[in-house]
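Several structures are given next for inspection.
Next, two complexes with chain A in common: one pairs it with chain B, the other with chain C.
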Partner chain A sequence: MYSYTLKRLFQGLITIWFIATATFVAMHSVPGDPLINERGVNEEIRRNLEERYGLDRPVLEQYLIYMSNMAKGDFGISFTQQNRSVNDIIREHFPVSATLGILAIVFAGIGGVLWGALTALYRNRLPDVIIMFLVILGISVPSFVIAAIGQLALVSLNGLVGFSVLPVAGWGTVLHMLVPSLVLGLGTMAFLTRLMRSSMLEIISADFVRTAYSKGLPPTRIFMKHQLRNAILPVITVLGPAIAAITTGGFVVELVFAIPGLGRFFVQAVQQLDYTVIMGTTVFYGAFLVFMVIAVDLIYGFVDPRVRLE
Partner chain B sequence: MKDLVLIAKDFAPIAVEREAQSITRPSLSYWQDAWLRLKTNRRALISLFIVVGLLVFTIAGPWVWTIDPAAQDLDQLSSPPGANRRAIIVTPYLPWSGITADSVPISGQTIGATAEIRLAQPATTQAVRLEWDPVPGATGYRVYRNLYSPAPDGALGLPIGEIYDARRISYEDLLDLRPTRFWYSIVATDELGQEVAEYTTLVVNVIRVVTVDEAISDGLVGPNVVPKLGDEVFVKLHPLGTDYLGRDMLARLMYGARVSLFIGIIAPLFFVLIGILYGSAAGFIGGRVDQFLMRFADFVVALPFLLFMILFKIAFGIGPGESGILPMLVALIVLSWPATARLVRGQILQIREEAYIAASQLLGAKTYYLILRHMIPNTLGVILVTITFAVPTVIFVEAFLSFIGMGVAPPTPSWGSMCNEGIQTMLNHPHELIFPALLISITVLAFNLLGDGLRDALDARMRSRE
Partner chain C sequence: MNNLKSGTSDALTRTASTQLIWLGLAATIGFAMLMGLLYWVSSLTGSHTTTLNAIDAESGTVTLLLRTEPPQLDSTRATDSVSISVLGHVMEGLLRFDENNQLAPGVAERWEIREDGATFWLRPDARWSDGVPVTAHDFVFAWRTAISPATASEYAFILYPVKNGESINSGNLPVEALGVRAVNNQTLEVEFEQPLAYFEELVAFSTYHPIREDFYHSREGRYGADVDDLLYNGPFEMTLWVHGAHVRLEKNPDYWGRERIRLNVIDMPYFTTDATSALNLFKDGKVAVVDYLGAEQLNEVLQQRWQLKRFGDGSVWFLAFNFSPDRITSNWHLRKALQLVTDPSELVNRVIKLPGNLPGESLFPVWLQGVNTFFRQEHPVPKIELNLEAAREHLEIAMEELGLDNPPSIALLVDDSPGAAKQAEYFQNLYGSQLGLDIRIDRQIFKQRLAKMQNQDFDLAVYGWGPDFADPLTFGELFASWNPNNNGRFNNTEYDESVRLAQSSLNPQTRMEAFARQQEILIEEVALIPNYERGRVYITDRRLQGVVRRAVGPDPDYTNAFISSD
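Let's look at the complex of A and B:
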């Protein structure tokens, strides 16, 4: 168990190194140079800027400096926002994204498990047909369209009631978080519902369920203790990819709902070609996702004793 | 003891048996069997028709609907489908000197609103000319225009005119006139330029007009017909309306389909091909090389996909005039091959151990024969299913990137970038968002259902339990 954890962490570190290197290579093969957007920069200022960002050194040396800074957790200074370090930006805006993401995961997880179990129990009957239709809709409608529709629904709801029940955009209170996180979790919820349904269908006809019935257990107990708990296991395995999907899906939701999260900053940085912010956030997100996947795998080992972690 | 002499006849059967077992139906190949199974799956079959229909729409559409997707129809900006296309032929625009009152009545106590607003001339898309009665005590007027009836205490709309002379009691509106209904409000202002509380509103229905020259140059009348003043003509037809720049939505959707489906189909073909080569190489060679190749694939899988799509798209260059299709293809291929590689490697390793391979080898089959006859046909089903499921994923990625402004560059239409533009004007002109979003959803849905059907039909082992 411990050796497995250590091994996974080590592999994770190598993966992060790979991500950092790939980021470095990608950003250094961009045509032109980072200062190309600075208009009317004369030679002297340009040289000063290059010196400040270390762009006057050979590429290999830049790489070594970059890697050692990354190891120290120092992502550098933003190109476009004066005197703001990338660490500051992450520290300030990541908690917003994380709150949104956690809420979305909770929505998606609870919703997916409940809907999935429900559709399996009512297989081929009306609730199943309705929910599976919505699930197919949720899988095939792009996230930004869902976000736009969600916002439109808020506008018309507020218009109908006559005062602002739920804020249409922005961030701050719990009310601000409700609709964006629901919208963000919807796609994942649809995916989890599908998975939960097929896993539940398999469990419903399993031998141990029949045994439980034949020994006279009440159906609610069978549902909670025998069916649900076993059917949830495959859902846990896909939580890693689901977290990744919600993290990047957050970009769109943050843009549409004007939420000051890290995703919106990343998109802005990409549009303004803010090199240090792009590199810093990519490596940060990459590391975050790698550790999330490891954490999910470890949790799975705890939850399902049949899985041996080696 | 007599010698038993056996001749050939003794070994003949005593009676000819009836054929107890025979194959009465023609034997089916794998693909025939799969097709039969697919045909019984109604959802998959409908999806297949939809996919074929989309391809026809994309490839043949631009020959049928020959309007240039980049051409702007400035008479019809953001016009919804089924909009009124009637237009009246009028003389070219003539300047208007406006109306000036001889004097303004002396003020009473407070400055009120004007008694009424009149149209000096019929309101057309050339100009809306308003006149009103002078307001006693006023020193000027402010003119507002709104698309909705101004609610009490509500905003009056866009302030379009400011008049600093109380005797000047007319206003000519030339700004972005469209054949719709406008609410014009006029408020008198005092010496300090402050508005008085009261206002008067006039509802104006603007009529679409064109001049004789415009009608001829736009081909709104027959080739040899000289239009007369007051004639009724119809402006160009846009079945699905126009976007905010007056470009034909149907033509743009067709060209956008070319971009979206091109990326959606070509990218999976390429990365699946690379995945097959990589995976089968790893599977065949085995040992250290296999380990190394698969570990590298693991690293590529670990890269956060969309973040690196964005990074690679920047890295592969978005120069001026670059539509961004090629960088996106390259980035997709670079990042997406490992999943197929893993799958193919697994299949190869599995098939290699099958009994029929051993039998084939015993019968003297060479390696290339094994690959061509057994390995490839047996993995083809799985690969086809992978490609079908990859198409909607790639279409989503394209739409996502175009939405955050990292996808296909603006003049080139793609469904994603059209959605992005449509979302800006969602409240007033929903058709600009609905049509591309609908097409994306239908395409993704069709490919997903077709993929489900193909998986059920092609591969008994992967059959879904739904």
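Let's look at the complex of A and C:
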């Protein structure tokens, strides 16, 4: 168990190093100049700017300096927000994205399991047809549309009631969290519902379920212990990547609901060629994804004793 | 389950459903508890603030939306409109813009502009937010910091009219050589590089704002990065800055003109560029102003019968040419052919379709002041009649001169905004159908478009220029051969001389005639094809009055705003 964990962590570090290197190479080969702005500046200023960000050195040297700083946990200073370090940006904005992401994934996970189980129970009957239709919608409608509809629904609700039941946008209170996290989790919930349904259908006609019936176990116990618990395994497998996808993919929801999450900085940095922020956020998110996958693999061992971690 | 008796199956379905319902209920309660827990955890690290409705008359609070986070509020380095707007509320220069958009005394009580320099007498009651008086030394320090090449300020050029400014900025002289000194705490003496007609306009600009030296150094390179990293001397002071989320300005009790200021709090708890979200917040009564409305939002505004307001943001948009000898656009006949088929009003009315935009006729926009009235009224633009026949003849001559058998292919450089793409397609279609030209659209991200322009890697480019100060020179000098922003390398001796005259002359008549001559040359030479003067549409809560919009200087400006009782 320990050696397995250590092995996975070591592999994770190599993956992160690879992500950092690939991002560095890609970023420097993208056309465009991060220091250029609408007002042209003279050569002396240009030189000073290049020196400030170390862009006057050969690319290989820049790479080595960057890697050694990164190993020390220093991502450098942002190009666009000239007084803020990338570490500060991540520290201040990631908790917001994480809060939103945790709520969304919990919502998606629980919702997916419950709806999936329900559709499997009512296979090919009315509840199944209705829910599966909604699931297809949930999977195919992009998040910016869901976000816009969600917000519009809030405005209409508040208008109908005559006062603000739920805030339309912004961040800072418990109520601000609710709708954005539901909107963010909806797509994943739809996906998990489908996954849970097919896994549940497989279990329902499995031999051990039939054995349970013939042993005369009560239906409550069969459902909870034998069906639900076994059907849930594939859902847990995809949960790791789904957490990362939700936490990193919140850009649109953050924009529409005016939420100060890291996703906005991530996307804006690419548009503005803010080298240090691009590197910092990509490596950070990359590491996050890698460790989420490892964490899920380890949890898997607890949920399913048949899986041996070696 | 076929092998099970249907009775058993239904029984299972029923008990399982009941269990699922209970699980669902438990999950909902768990979810709510999780939300509470996360809120509690986040409240341990960050501050939570309550927000009011758009207008709260009782506390004198107006709630607004910011499009983006100010990158930083160091006035020597601020370049974007959000930072400049915020700085306009919390800082004050020697002069300021008043509620009628006229220059008014700021920190300087009175001043005198001479041919070789200027003297400003500072008011004794101007104070920093820590109670220390604002002195002439604070201006000397700020200007030296802004011009120093070590600061690498993008707007350093705005200080070039001060003696030795450009030499210092290019690293040839020490910052102490800058032509500004504090005679005493209350008197600031400025020396000019050459006679200057518009210095008053400049000192209202944020790069000319004061900074106190001891405070600047105490922040150790973080000046302007956070709410505690700034000292304020303006009508408001910043009391809260949660990055990316919330900025709050409160009336500055130490401001010398505090009796004028009627709002107590300007709260900005929403940051988003999404116009639909902004409109939703307005509809919900949460924000008092929505700016940057797009064509998609207009229907909603009209349906709700909100009063649509418009204003020109001062910028002029045009097709820029590359005059490098190896480019076909250096051929006058080719440019003339394009000029003769381009109708800016069609672009404005049928492509942009947003109220507030004016068809472009000249590099010099309509709002610029001349000697007695508007410059464009005193010096109307020579009229260009659309003429397809003549255009085709010019194209024939151009092809002959260039030694081409077929109409040439031209690269049109645009950035990746949706608006720019629509315009580029319009020109592609226009020049293709009318002249048979093959326009290749070269779409690039913002930074790459700038890089390609500055490296002369284009034939045609959709380009815009916003004013830095309210004098025609801010537009006129754009086409001077020495200007780093003259990306197409337009080079005309008579034009250059005319710009030099306008820079150094103090006689308004002479200067305006020089600009009129520049306007003529640009049209004769087809140095650009004007497209439009950009406008913006916005809506405000009807209770909020006295908001000032302007093309030059901090915009929008709420310093004179007030809440009307009706």
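As a working rule, the second predicted complex is superposed on the first by the 307 of 310 C-alpha atoms of A that agree within 3 Å, B and C clash if a C-alpha of one lies under 4 Å from a C-alpha of the other, contacts with A are read in each partner's own complex, and residues count from 1 in each chain.
Here is the rule we use: contacts are C-beta pairs under 8 Å (C-beta built on N, C-alpha and C of every residue); 3 or more make two chains touch, one makes a residue touch a chain.
The structure presented is a predicted model; accordingly, all values stated were derived computationally and were not measured.
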Which term applies to chain B and chain C once both are placed on chain A by superposition, clash or fit?
clash
Check the residue A:Thr282 against both partner chains and state whether it touches chain B (first), chain C (second), both, or neither.
first
Name the chain, either chain B or chain C, that contacts more residues of chain A.
C
Could you look at A:Arg84 and tell me whether it touches chain B, chain C, both or neither (first, second, both, neither)?
second
Contacts for A:Phe107 in the overlay, against chain B (first) and chain C (second): which applies, first, second, both or neither?
second
Look at A:Leu178 in the shared chain and tell me whether it touches chain B only, chain C only, both, or neither; answer first, second, both or neither.
second
Would you sort A:Ala117 into first (chain B), second (chain C), both or neither based on which partner it touches?
second
Classify the contacts of A:Leu49 with the two partner chains as first (chain B alone), second (chain C alone), both, or neither.
second
With the two structures laid over each other on chain A, which partner does A:Ala148 touch: chain B (first), chain C (second), both, or neither?
both
For A:Leu255, using the defined touch cut-off, is the partner it touches chain B, chain C, both, or neither? Pick first, second, both or neither.
both
Taking the superposition as given, does A:Val168 touch the first partner, chain B, the second, chain C, both, or neither?
second
Chain C: which of 38-46, 128-136, 380-388 or 416-424 bumps into chain B?
416-424
Which residues of chain A are in contact with chain B in one complex and with chain C in the other?
31, 148, 152, 155, 255-256, 271, 273
Tell me, which parts of chain B touch chain A in their complex?
299, 302-308, 310-312, 314-315, 317, 319, 392, 396, 399-400, 403-406, 416, 419-420, 423, 426-427, 433, 437, 440-442, 444-445, 448-449, 464-466
Going by the contact rule at the top, pick out the chain C residues touching chain A in the complex.
1, 3-4, 8, 11-13, 15-17, 19-20, 23-24, 27, 30-31, 34-36, 38-39, 42, 45-46, 48-51, 65, 69, 71-72, 74, 77, 79, 149-150, 152-157, 169-171, 221-225, 229, 242-246, 269-274, 276-277, 280-281, 283-286, 444-448, 450-451, 454, 484-485
What residues of chain A sit close enough to touch chain B in their complex?
14-15, 18-19, 22-23, 26-27, 29-31, 136-137, 139-145, 148, 152, 155, 197-198, 201-202, 244, 247-248, 251-252, 255-256, 266-267, 270-271, 273, 278, 281-282, 285-286, 289-290, 293
Enumerate the contact residues on chain A facing chain C in the complex.
31-34, 36-45, 48-49, 52, 80-84, 89, 92-93, 95-96, 99, 102-103, 106-107, 110-111, 114, 117-118, 121-122, 148, 151-152, 154-155, 158-159, 164, 167-174, 177-178, 204-205, 210, 213, 219-220, 222-224, 227, 255-260, 264-265, 271-273
